[in-house]
Structures are given as structure tokens and as C-alpha cells.
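For reference, chains read A, B, C, D, E and F in written order, and residue numbers begin at 1 within each chain.
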Amino acid sequence: MAEQDYVHMPSLEEYSKRFERFFKFKRSDDGILEVRMHTLDSHVRWSYQMHHALSELWTTIGHDTGNELLIFTATGEKWINEVDASSFQDVEQSDDDDQRFNVQIYDTLKVVENFINDIEIPTITAINGRGIHWEMAMMSDITLCTPDFILQDDHFMMQHVPGDGMTLALQNILGIKRGNYMSYLNQGIDAETCLRLGAVNEIVERDEIVERAWEIARTIMKTPRSTRRLTHHVAARPWRELVEQNLRQHVYAEMYSFNLVKSTHEFDKVEYKDDKMADM
Amino acid sequence: MAEQDYVHMPSLEEYSKRFERFFKFKRSDDGILEVRMHTLDSHVRWSYQMHHALSELWTTIGHDTGNELLIFTATGEKWINEVDASSFQDVEQSDDDDQRFNVQIYDTLKVVENFINDIEIPTITAINGRGIHWEMAMMSDITLCTPDFILQDDHFMMQHVPGDGMTLALQNILGIKRGNYMSYLNQGIDAETCLRLGAVNEIVERDEIVERAWEIARTIMKTPRSTRRLTHHVAARPWRELVEQNLRQHVYAEMYSFNLVKSTHEFDKVEYKDDKMADM
Amino acid sequence: MAEQDYVHMPSLEEYSKRFERFFKFKRSDDGILEVRMHTLDSHVRWSYQMHHALSELWTTIGHDTGNELLIFTATGEKWINEVDASSFQDVEQSDDDDQRFNVQIYDTLKVVENFINDIEIPTITAINGRGIHWEMAMMSDITLCTPDFILQDDHFMMQHVPGDGMTLALQNILGIKRGNYMSYLNQGIDAETCLRLGAVNEIVERDEIVERAWEIARTIMKTPRSTRRLTHHVAARPWRELVEQNLRQHVYAEMYSFNLVKSTHEFDKVEYKDDKMADM
Amino acid sequence: MAEQDYVHMPSLEEYSKRFERFFKFKRSDDGILEVRMHTLDSHVRWSYQMHHALSELWTTIGHDTGNELLIFTATGEKWINEVDASSFQDVEQSDDDDQRFNVQIYDTLKVVENFINDIEIPTITAINGRGIHWEMAMMSDITLCTPDFILQDDHFMMQHVPGDGMTLALQNILGIKRGNYMSYLNQGIDAETCLRLGAVNEIVERDEIVERAWEIARTIMKTPRSTRRLTHHVAARPWRELVEQNLRQHVYAEMYSFNLVKSTHEFDKVEYKDDKMADM
Amino acid sequence: MAEQDYVHMPSLEEYSKRFERFFKFKRSDDGILEVRMHTLDSHVRWSYQMHHALSELWTTIGHDTGNELLIFTATGEKWINEVDASSFQDVEQSDDDDQRFNVQIYDTLKVVENFINDIEIPTITAINGRGIHWEMAMMSDITLCTPDFILQDDHFMMQHVPGDGMTLALQNILGIKRGNYMSYLNQGIDAETCLRLGAVNEIVERDEIVERAWEIARTIMKTPRSTRRLTHHVAARPWRELVEQNLRQHVYAEMYSFNLVKSTHEFDKVEYKDDKMADM
Amino acid sequence: MAEQDYVHMPSLEEYSKRFERFFKFKRSDDGILEVRMHTLDSHVRWSYQMHHALSELWTTIGHDTGNELLIFTATGEKWINEVDASSFQDVEQSDDDDQRFNVQIYDTLKVVENFINDIEIPTITAINGRGIHWEMAMMSDITLCTPDFILQDDHFMMQHVPGDGMTLALQNILGIKRGNYMSYLNQGIDAETCLRLGAVNEIVERDEIVERAWEIARTIMKTPRSTRRLTHHVAARPWRELVEQNLRQHVYAEMYSFNLVKSTHEFDKVEYKDDKMADM
């Protein structure tokens, strides 16, 4: 018998506690892990804290080999669509450049890179409503959305370079030209168009979407563990390559410009107006 | 005059004989080569022997500079859709690991790589019905199919990693997300959907599909030889890059898992049920 | 203060004069530059001279940091759809191989590479009618076309390898299989199909298309300069990679074959017949 | 002020405790972190437990933004050069295929990928003697070694495919041909040759090597934090690309063959004989 | 005869005049162009103006198809080794963010990209002494240097991310590990070491170095024009790929950090001390 | 038992006969295959026939799974260093453009691509003297040479673009700058320099070199078959990528120029003079 035990790995119980202010966890006996974003058990309020928590989440659940399949969703009728403006002001009005670097470069890279590099199991995202930061949903193996979902990258309209991975996802899911057009003009496409163009795999009513994710998960779980995991490797390979080749140049560009123009986050500007819907 | 003759190259007559149990050949005076898969002049029965014969076929016809354009099809009402189960049992019940390596790694790589690397002429595949191993059809320059064709990768449902090139093709023809979804859930799309999404170029009735391939071939043959051949180079370049960058990792992953879970080929599980049709 | 002034850069006034026989320029106070191709203020007549002028144009306007956004269009009811046959005969009937190299290799590379490498601002192309050499339109960030536009690469039908960037664009905008099929069979798709498949972003009537481009341009100009420019970097990154990895092998292949088969440019063969429309 | 605190991050004190059986930690006030591998405070005894602990180590210290520079070394007169054979027997004699997958695929990927993907600060490795698994040393930004170090990949001699990253490192540090030759013939090169060929940056006596690493570290720390961190990004970019493009196919290949030939780890076969030194 | 003349291209006489404050030109009848950097006909004084002039130079001479081979050198006993500090202060003390963007992003990209993308003829650089910004020398096809040349990237020591192409060149010419070590520790290597490691091709005394470049040039000119030019394409292909894949992320990273830490250019800090010489 | 036998594969006896005018074969019981180039059992006389035979050889021995390791060498005191001038004249004085295409494009690609793509076993080349076309030797896993070997690419001096794979090999084995310099100036490096720079692995006297190759082969054969073969996959992966990404653009460029300048092969110009030896 080995001379040493393995290093202690955080148990689901332990990390459920650690992340409790950001995520609710539910895991079946065979390892299907449902993670639900929340703020005070209601709609997510976006903040640098949630941004950072997500990047830590991917790593934590990815390193727990007891997790066999990830279902990711959010609370209530929205995806990520409310904001804690004070969180952004804390950083943007501070003189602490180390903190600025941490949120601008480190966290912005890691929220995507950790999802791609640390999660080595099949992933299903159930987008439960409108919102931003759907790049992790798009980079999931399987993506469900509710009928009211709008796919839209509002960086450019908010005066930011669209460098955080959303436009990278659009270019590769919808095609270079559609992605660029939507990004420049802040146009969105609705759930039906997403389905037709291959951005999402199924449209499901809100009260059924998480159960549908579980149904798919249970089907996938009928296959052996090594098959499931290596099939995820095959499924995620295009994203691993795209992220490695592109994300850093995009993030650096966004943050260079953000600072040069002394930008701030003004999320109240985000909107999904009818005249912002692309005809695709 | 050169001091030595060129090394003897197998003539069409010679290799027609060599491959006669697997393929029927027909060649026009100007070099259009039609190859039809068969077993006893009827529907193809899939086996490690046919798998190997295909990889040899690509090399043999690719090296014959008298071939100017390839039309590839199968016999009767099916593509590759019957099985010689005994062929798989021979290997899977044997202790001969060299044979196992040859069919798992060598032949699985070569059936795709030889098609991509050895065929340097325009390729037209006429898929004459349902079946598996359509990756060579998808990687052809032009693809026709009959109205009853279903595009579906059943590896995952059969407990295998979808690593032999079919899911690689799906990801690149239909988009990352559609390909992954179909692969995990064993969902197929019908011929009309294939046409709409760009997976096939034309739908043609079964009794006309080979003649339509010849019609296209004759049109292509009106262009000079170097133009035709280098246009194929341009057409196949994306596949050469994708195969070089991805296929080996996919095949090794599939076979690692196949052996770890002590898998066997149980082709009778394959099915094309209505509830397996994706809504795309 | 610096010991030396910057090197003199050609002003808009200067290069408007230099290019006056090929392009008309109009620039707004905030730097939106409209460039309109013309020949004698009417439809463009394609020639090696226009080919070369375009490659020089991209560099000249790209190097002028006073230009903030490019709108590119042509004159009248056609894109590039008439020909000065004498221009091609001059080269093709000449013994001057240096000139042949300059137009075949240098200019053919540069008309695409300079567009991709030298233009570092948002680009909108308004395709005002039928014609060839739409590769720069397709590689623009945003593409508008008139209802009568046909997307078609006629190289193969004219006995040339489709190596100048158009088929490269088709493979990446429409998918590998659609692009190859259109190229081999000289099939086109109409404006509506282009819109549906994501090849163009909007269809606009001819008398409104340039004004629509200006309207989009003015929207984009509301965003800060560094954001606009780095967003273009993000938008054009896939093209920079594709062009770097592919264009030279395609162009060399085209020109090798062109010379081997003693080809000439016979533009009167180009046609947009109804039976040349792909059903996609 | 933000509505939520950041999620709790493990402190150095906490993870020093967690990893205490594998690593000793020392951190200066300005964030230079020294990590020393050990077993019972003496020479490292290699095991699947240490293998796993390393992959967790990279992630843990990489996620702590209080770490500014990593110095990595081992205890006593050896790098990783003793073995806990029982650890490998536990897995290799077990029927638990999930455990086999975890150590063969997951841990083997992660010990390299986590080093490359999770460590975002300058890295200095002080190789304190002979041993295996120097791939993380070679992929560090700066590498010091003692005069008795031998660079050698013994996979092939031990009947394994050299797929875990060491031969990948050799091919890229020493050149394709030198790396392959060393790998096939189990030849090593000594410290002087490593220095001459650019595999290590300095040779330092054993009792001075860690202090020399600290000296370099203190020099690097004179530069601002964002400069140091982004310089590491530049330094590690070639490794990120190489690992993304190659590691998975190499690891799968190694483990496919390991299982096919029913291999076991027999580390007592490893040797550094004089006739195993390459003349380079 | 063609209906239109080619657009006017600046003649050598014209651009000699345009660039006269930065470069001296000499061209042989067969097209060997010697360009010598200077300031007031003496040692180059580095400035944003010279930086910009170089990027324009590459484009201007690259577009003149009358140039057949480039010899590039500087004046007197130094490469680029004196500074016009006021030039940097103008920008760094100004509030004009457009100017800041132009010099930080546009010019820093273009001084390398235009060299790689616009020069399509064989290139020989004769480095006539110590200095910075030797990346264009290293990316030349053939590189000569004087015995007192030191290869050193001082970005990191000056608190900047080494993102402008010099460390990219070091990593690829000297190997990843040597390049990173030199960059972090501001170590240089002398001419002899450069020759031994393959960074330069010949060491030539200062008063003979330009004539030696001409001698090589005349040898190269004995080969036909298309051969010379396409051989340059082959020679420069690795640089085209490296620059396309890496430069933008490096430059953005450098400039992000430059602004974040409110850096300035303090060139008087640069030094080539004996203790800064790497032992390689 | 399977319903069909495998397709007949040419036996060693059969292909020994087929290739007897070009190669002598010897195979050990465990599958070490020695192939020796010859012409009339003496020094190789280079010709389009030998060129073509080599490309066929790689495929033939690669497809025979009875071959386990390749030793490749030539006859007498020379590698490929005599010429059958009449062979080249046959093609160059002929009007048959199909034949011209076959030798210029098809065979030139395939002599390299078939070596890289078809040989899936460890490869050892024993270069037995001076000569050209050493690219397959350089792309072997292990390379031995005699003390009189000179590594030199004479394409440019012979007025050809160095596009057939030799300069590609030089750039990657010796570094970009050394490879380009040698290629432009037709400089060679001797065996000792090859060894020091990593281009060859061992220098062995001519009468011992083949036996040394067998000795290495027998060492490699002690390892299991799947390990040996997958280790070759790892060893050859960098070449597969380099060839896929570069060879076609290089070959097309060479042949475009060859035809444009109406070049011919004048092998009597090749020389290895003392003043052609690079000082590296």
C-alpha cells in the first residue's frame, strides 16, 4: 500500500459552503452536478466578486473527480442580468493598480480559460433567461435556452473592445461575418434564430429547462466514465484551440483600451430593444 | 532517354482484381473512376477487412496518375449498413495484440488519412442510402445523397469515444455545437436538413444519383488537368489541416477507452429511430 | 520638443489626386472615408491596372491615421463587372517575365494581404451590384449588398485554379462543402441566400446602400477611437490567420497552372445564368 | 462598497498545511514563494500521490494572487529519484478502472497543463540533483541545475511511449533530432551539455543553488507587478501553444500502449550509466 | 494597349527626398538598395519619429518593384544607441490619447509587421555596432554584425514587458529558454556567441561590413528574379507565421502594462555591463 | 470467422522484385528492414525515375505491417550524387505538360509527404557519403552520417527556389537564420558541424555505418511493438505539422519559378568547394 495518502481534495460539502453566496449545488449519486448561480437566492447580481467566483468555481468542480457531468444554470427568470454597480466602482475609483490588474487581466482570462482547461466532463448549460456573459454557455458541450433568450454582445455599445470571449464565440458559432456585425452594432438574435443558426441546441420553457438538462445528463451517464470524459475532450478541443490562440490578445486589447479611454462599467446602458434584433 | 524505366505501377486491371471482393471499378477514357463498394455484389457488410480495404483503396487509386476524378458510392439501397459480426469477434476475442493495434490504431488512422493525403484529384461521393462511416463522403469535394440518408454518429451510444473522424467532420461542417450535440445524443439529421445546413450538396433519387455524379464529373473534366488537380488541393486544404491537427488525438482517445472498458462492437444496437432526429 | 518632425505622410488631398483615375474619395470631419471605384466615373473596367491600384489603395488609406472608418463601394449598377481586355493581353502576349511575375504573384497576393494587413480601422463594403473580386467585400467587417448581387467564383469555369482568395472566403463563410461545390461548378447564390447563410449582413436597395453604410459608420463612430480600432483587430483576426496560413499556397498554385496550360483571361466567358444558381 | 465579499481563497497557511506531506513552503514579504518537494523531509519518493499533489500544487499556488514569483526545488541531493513502488502496484494490480483513468489520463495531463495554465507568475526551478519528471523544470521561465544533473527521458527504455511531456520538451529545447535520439536510446546529457545546448540557464553548486534562485528572484521583483506577470505570459506562450497542440495526443498514445502491453512501472530499471551519455 | 496607366508609384528619387532626415539611399543598376539610418548624417538618435519612419520605410521600399534586394545598416559606430529623450516626453507628457495609441499600438505593430509583410525581396542587415531594436536585423534573411555587437533586450530592466518583437525573436533564434533568461535578467551575448548560436551569420569588421553585404548581394543577384523573390518568401515564412500568431498579444500586453504603471522611456538606464553578459 | 479475407498486401518478396532496379532489401526475422538505394548495384544515379521510385517506396514499405523498423542507406561512397541527365532532358524537352505536372508537383510533394505520412515505424538513415536529397535523412527519427558528409542545399545556386523540403528541414534543424543563410549562399556544413548543431546524431566510418544502424535497430526492437510505433508517432509529429503547413506552398513556388525562367536541371554545376563551407 502506498506510503502516503493522496492530498486532501475539497469535498462537495466543503465547497458548497465556500461558494454558498454565489452558487447552489446539487449532485446525484452517480455524479451529475447541478450548479445554479444566485444572489441571495434570487437573480444574479453581476459584480467583480461573481466574476472571480465563477473562475474559482470551474477549477474547484473540475478538480473534484467525483463530478461526472456539469449542469449549469441561474436563478429565476434571468441569466446574468442585474448588476451590483458598487462592485465596479470600488475598483474603478480606487488607486490600487494590483487590484485593477487582477480583475482586468487575471479574472477576465480565467473565467474563460478555467472553464475550458479545468472542466474535463460533459457540460450542459441551461440558460434560463436574458443576460450577459453567456460565453461559458456557448462553450458548453450542450446548450439549452428559454424562449426569451437574446444572444447579444454589448461590449462595443458600452465603449469596450469585445475581447472577453463572447465575440470570439460568436465568430465561431455563427460565422465570422455574423459575429462581427452583431458585435459592432449591438444587435441580438432571439432564441429561435439561435436554434436555427446552431448557437443553441434546444429551446425549452423556463419551468422545464433544468429538468430537460437532467434528462440529457441521465442519458449521457449511461455510457462508461472514460468514454464520457474523453468524448468531452473531443467536444471541447475546438474551444481549447480557439481560446489558446485568441483569448489573450483579445483580453489585453480590451483592457488597454478600457484604461486609455478611462472607461467605467455602466451596465444600466444595456438594453434589448426591438430595433437591436438582427435579421438573420 | 532515361537510363531506367519508371517503377511499375499497378494498372487499373491489376488492382480491380486485387480489390474485387470489396470494390467494383469503372473508368472512362478520360480518367473518371467510379468505385462502388459491395459485398458479394450486394449491400456492404462492414468488417475489419472492408475497413482495411478502404484504406488501401485510397492509396492505390491515389497513386495511379491515370485516375483523374473519383466517384465513390456503394451498392443497392444502403451505404455501409450491414455488419459481418464475426470479423470483429475474431479480433476482440483474440489475444493477438499486434492485430488489435493494427485495426485499432493503424487502420483507423489510415482510412481517413489515406483518403485525405493520397487522393489528389477531385472527389465526388454519391451516398446511396443510410449507413455509417460517411466521414470519407463528408470529406469529399462534392457530396450527393439520396433522400433517405441520415447523418448520425453512433459511437457514443455504442459506448465508444467518437474519435474516428465522423464527429470531427460534424464539428466542422455543421458547427461545433451542432456536432457535439448530435454526437452525445446519437441524434441524426435527414437529407433535407443536411442540404440546408451545407453537409451535402445535392439530394438525388437513388436510381439517378450515380449518373448525376457522372454528369458533374464530366463538367469538371472540361477544365485542364493541372487546374482540376490543384483546385482539389485548394478544396481539400481545410481537411488536411483538420486531420493533421486532430485525428490522432481523437483515435488514440477512442481506442484507449475502448480497451479500458473492455468494449466490443455490437452493431445490432445501431438504429435510426424517429426520436433520434435532431430538430435543426 | 522632438528634434525631428515625423516623416511626411501623403494627405487625403494628395492621394485623392494620385488615385483619381481609379477611385473617388469622400471623408467626413470625423474620419469616415468613402472610397468609390470607378472608370471614367462610370462602371469599373477591370484590368491589371485596377488590380494594382487596389493593392496600393489599401496601403495608402491604411497608413493615414486620419482615416477612422472605411466605406468601400463602386460606381453605378455593377460591382467589378466590365473588363479592359487589352490590359490582360498586354501582359499575356508580352515576353516580359518580370511584369508577369509582378501581376501574377505580387499583385495577386497584395490585393488581399494589403487589405488584411494594412487596414486597421472598421470596414464596411457596400456591394452595389453584380461582379467579381468580392473577396475584399467578404473580408470586410460589415458587408451590405444590393438585391441583385450574385456570389460566385468563376475561376474554375475559366480554367483557373480558384486561388486568389475568393474560394478561401467561401470555404470560411459558407462552410467547406458549400464553398468547394460552388467553386467547382461555377454556381452562384443570390443576395437572399447570402443573407440567410451569413455571407452578407444586410440587403439594401441600390439607391440607399451607400447612405446605409454611412448610417452604420456614424453609429460606430460614437465609440472611442481605440475601442473602434481594436475591435477591428478582433474582427479581422480570423482573416489575418486564414490569409497567412493559406493565401500564398493558393496563389502559387493558381499561377503555376495558369502558365502551364498557357491560359489567358477571357472575361467574356463569365456569366450568371439561372442554371448556375445553387440551391442552398 | 460591493454587496458581496470575494469568495474565500485558501491562504498560504492553509495550503501549507494541506500539502505538508509533499511540499515545504517559504514566502517572502513581497511574494517570492519557494516550494520544496520532499518526503518525510528527505528525498522525494515518487508515487501517484506525489504526481497528483504536484498537479494540485500548480493550481493552488497559481490561484493565490499573493504569490508573485515561484521558486521550485527538491530536498537533499536528488530531484525526483526514489520511488514508492507500492503506490504504483496499488493501481496496477487493482481492478478499479476509474482510478486507472484518473492517474493515467487526468493526472498525467494535469501535472503539465496545470503548470502551464495555472501559474501566471515568473517561475524559477532549481534542479538540485539527478532525477526524472524534469518537464516542469524545463517549462519554467528560468532553470538552474547542479553539476551532477543528467537530462534523460527513460520512458522508451522502460517500454513506455515517451508521451508525458518530457520528450515534447526535449524536441523543443534541444531540437527535433536530438530529442528523438535521446528518447529512443535512453541517452542523457550532463549539466555542462545542457548549458551549452540551452536546456538550462545556469549550473550552480548544490549548496548555493536555492540562494542563487532567490537572488534572481529578488532582481526580477524590482520590476512592477503587471510587467513581471505579463512578461511571464510572453515567456510561457510557446509552451502554452506546444502543450495545447501536442500533449493530449502524446498522453493518450502512452497510456493506450501502456495498457495494451500490460505494462507496469519498474523504476528500479532506471539508470544513468556512462554509456548512456550522448555525445552532443 | 491598356486603357489606363498604372497608378503612379513613388520613385527612389521621390522617397529618398521624403525620408532624407532619417535614411540615406543608394541603389545599384540591378536593384540592390542600401538603406542607411542616420540622424544629421551621424549616429541614429532614437525617437518616435524614427520609429514611425522605419515602419513607413518598409512599406515604401517594399512597394517599389524596382528594388530587388535590401541592405540595411546604420551610420558610424553604433546601431540604434542614442536617444532623443524629448520625443518620448512629448507623447508621455501629453494628454492626447490618440497620439499615444498611434505610437504605442499602431507604430509598434507596424515597425515589425511592415518589415515582415511588405518586404518581398532578399534582406541583408549589417549591424554596425551596439544598440537596441535589432529585431528587424534578426528577422532579415541574412545578418552580419561587427565584433562589438551585443544582443540584449532591455525591456524588462526598463520595467516594460518585452513585447515589441525582440524577445519573440530571441525565443525563436536562441531557443525558448535562452531567450526568456536573457530577457528577464537583461543579459546580453556578444558577437562571437551570436555566431555560435546562430543569431548572426557572419562577424565582419566595421569598415568592411557594408561592402561584405554588397558582396553577398551581388552573389544573390546572379539568380533569376522570380527565384530570388520566392526564395525570400520561403526564408521569411517562419517569421510571417510567428509574427501573425504572437506579435499582437505581445504588443498589447506591453502597452497595457506601460500605461498601468505610468511608465516612461528612460533610455539612459540602458547599459551593456560586463556582468550582464550571459555565459552561453 | 470473418466472411472475407483481408485484401492481398504485396509481400516483401513481391516488392523487392518490383523495386529491384532502385533498391535492395534485407529484412530480419523480427522485421528490421534495410533498404539500400543503388543503380546497377553501384552509386545512385539521380533521375525522375528514382525520384518517383522513392515516393512509391515509402508507401509500399509503410503499408506492410510486417516491417517494424526502417534502415535507409545508399550504395558505395556516395549518397545521391551522380545524375542521369537524360532523365531530366526527357521531361524538360518534352511538350507533355501532364508529365511535367506529375514530376514537378505530384512527385516532388510525394517524395516527402509519403515518407512523413506513410512510414509509421522508427526510421534510421545511414548517410553513406556526400549527396543531395538528404531531406528524408533529416526527417528520419535517427540520422547517422559518414565523416565526409556535407549538408548543403544547392537549389538557389542552381537558380531554383529551395522549395522541395531541404531548406524547410534546415530552418527547423539548424534554426531559421542558419538555414536561410546556407540556402542563399549555397554553403555547406561538414559532418562534425552537423553533429555539433544537432543535424545528425552520430558520425560513423563508412564501413561501419550500416552495422551501427542495425545495432541501434536491435536496441529499439527490445521494446514492445505498440510502444515503438507510437514513439515514432511522437518523434515524427513535428515533421507532420511542418510538412502539412509549409511544403505545398514551397513546392508550388519552386515550380512556378522553374517554369517562368525556363529552367533546366544542370546537375554538373553542383560542387562542394572549400569556400562553400559555412563557419558555424
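Heads up, the rule we're going with is that contacts are C-beta pairs under 8 Å (C-beta built on N, C-alpha and C of every residue); 3 or more make two chains touch, one makes a residue touch a chain.
No experiment lies behind these values; they were computed from the predicted model shown.
Using the contact threshold fixed earlier, the set of chains in contact with both chain A and chain D is B, E.
Touch-path distance (fewest steps) from chain C to chain F is 1.
Among the remaining chains, the Cα-based centre furthest from that of chain E is the centre of B. Counting the residue numbers that touch the partner chain, chain A and chain B have less than half of them in common. Put simply, chain C has to spin 180° for its C-alpha atoms to lie on chain D, with the angle rounded to a multiple of 5. Of the two chain pairs considered here, A-E and C-E, the higher C-beta contact count falls to C-E.
In whole angstrom, the spacing between the mean C-alpha positions of chain B and chain C is 37. Annotation: 50 Å between the Cα-based centres of chain B and chain E. Averaged C-alpha coordinates give centres for chain B and chain D that are 42 Å from one another. Residue positions of chain B with contacts to 2 or more other chains are 97, 101, 105, 226, 230, 233, 237, 241, 245, 248-249, 253, 256, 260-261.
If the chains shown are joined wherever they touch, the resulting network has some other arrangement, not a path, ring, star or complete graph.
Under the touch rule stated earlier, the contacting chain pairs are A-B, A-C, A-D, A-E, B-C, B-D, B-F, C-E, C-F, D-E, D-F, E-F.
On chain B, the positions that touch chain C within their shared complex are 122, 138, 141-143, 172-173, 195-196, 198-202, 216, 219-220, 223-224, 226-227, 230-231, 233-235, 237-239, 241.
Within the complex, the chain C residues that touch chain B are 156-157, 159-163, 167-168, 171, 174-178, 180-181, 183-185, 197, 245-246, 249-250, 253-254, 256-257, 260-261, 263, 279-280.
Looking at the complex, you find that chain C touches chain F at residues 97, 100-101, 105, 245, 248-249, 252-253, 255-256, 259-261.
Of all the residues in chain A, the ones that touch chain D in their complex are 1-9, 18-19, 21-22, 39, 45, 47-50, 52-53, 56, 59, 63, 65, 84, 86-87, 90, 97-98, 101-102, 105-106, 113, 117-118, 120, 225-226, 229-230, 233, 237, 240-241, 244-245, 248.
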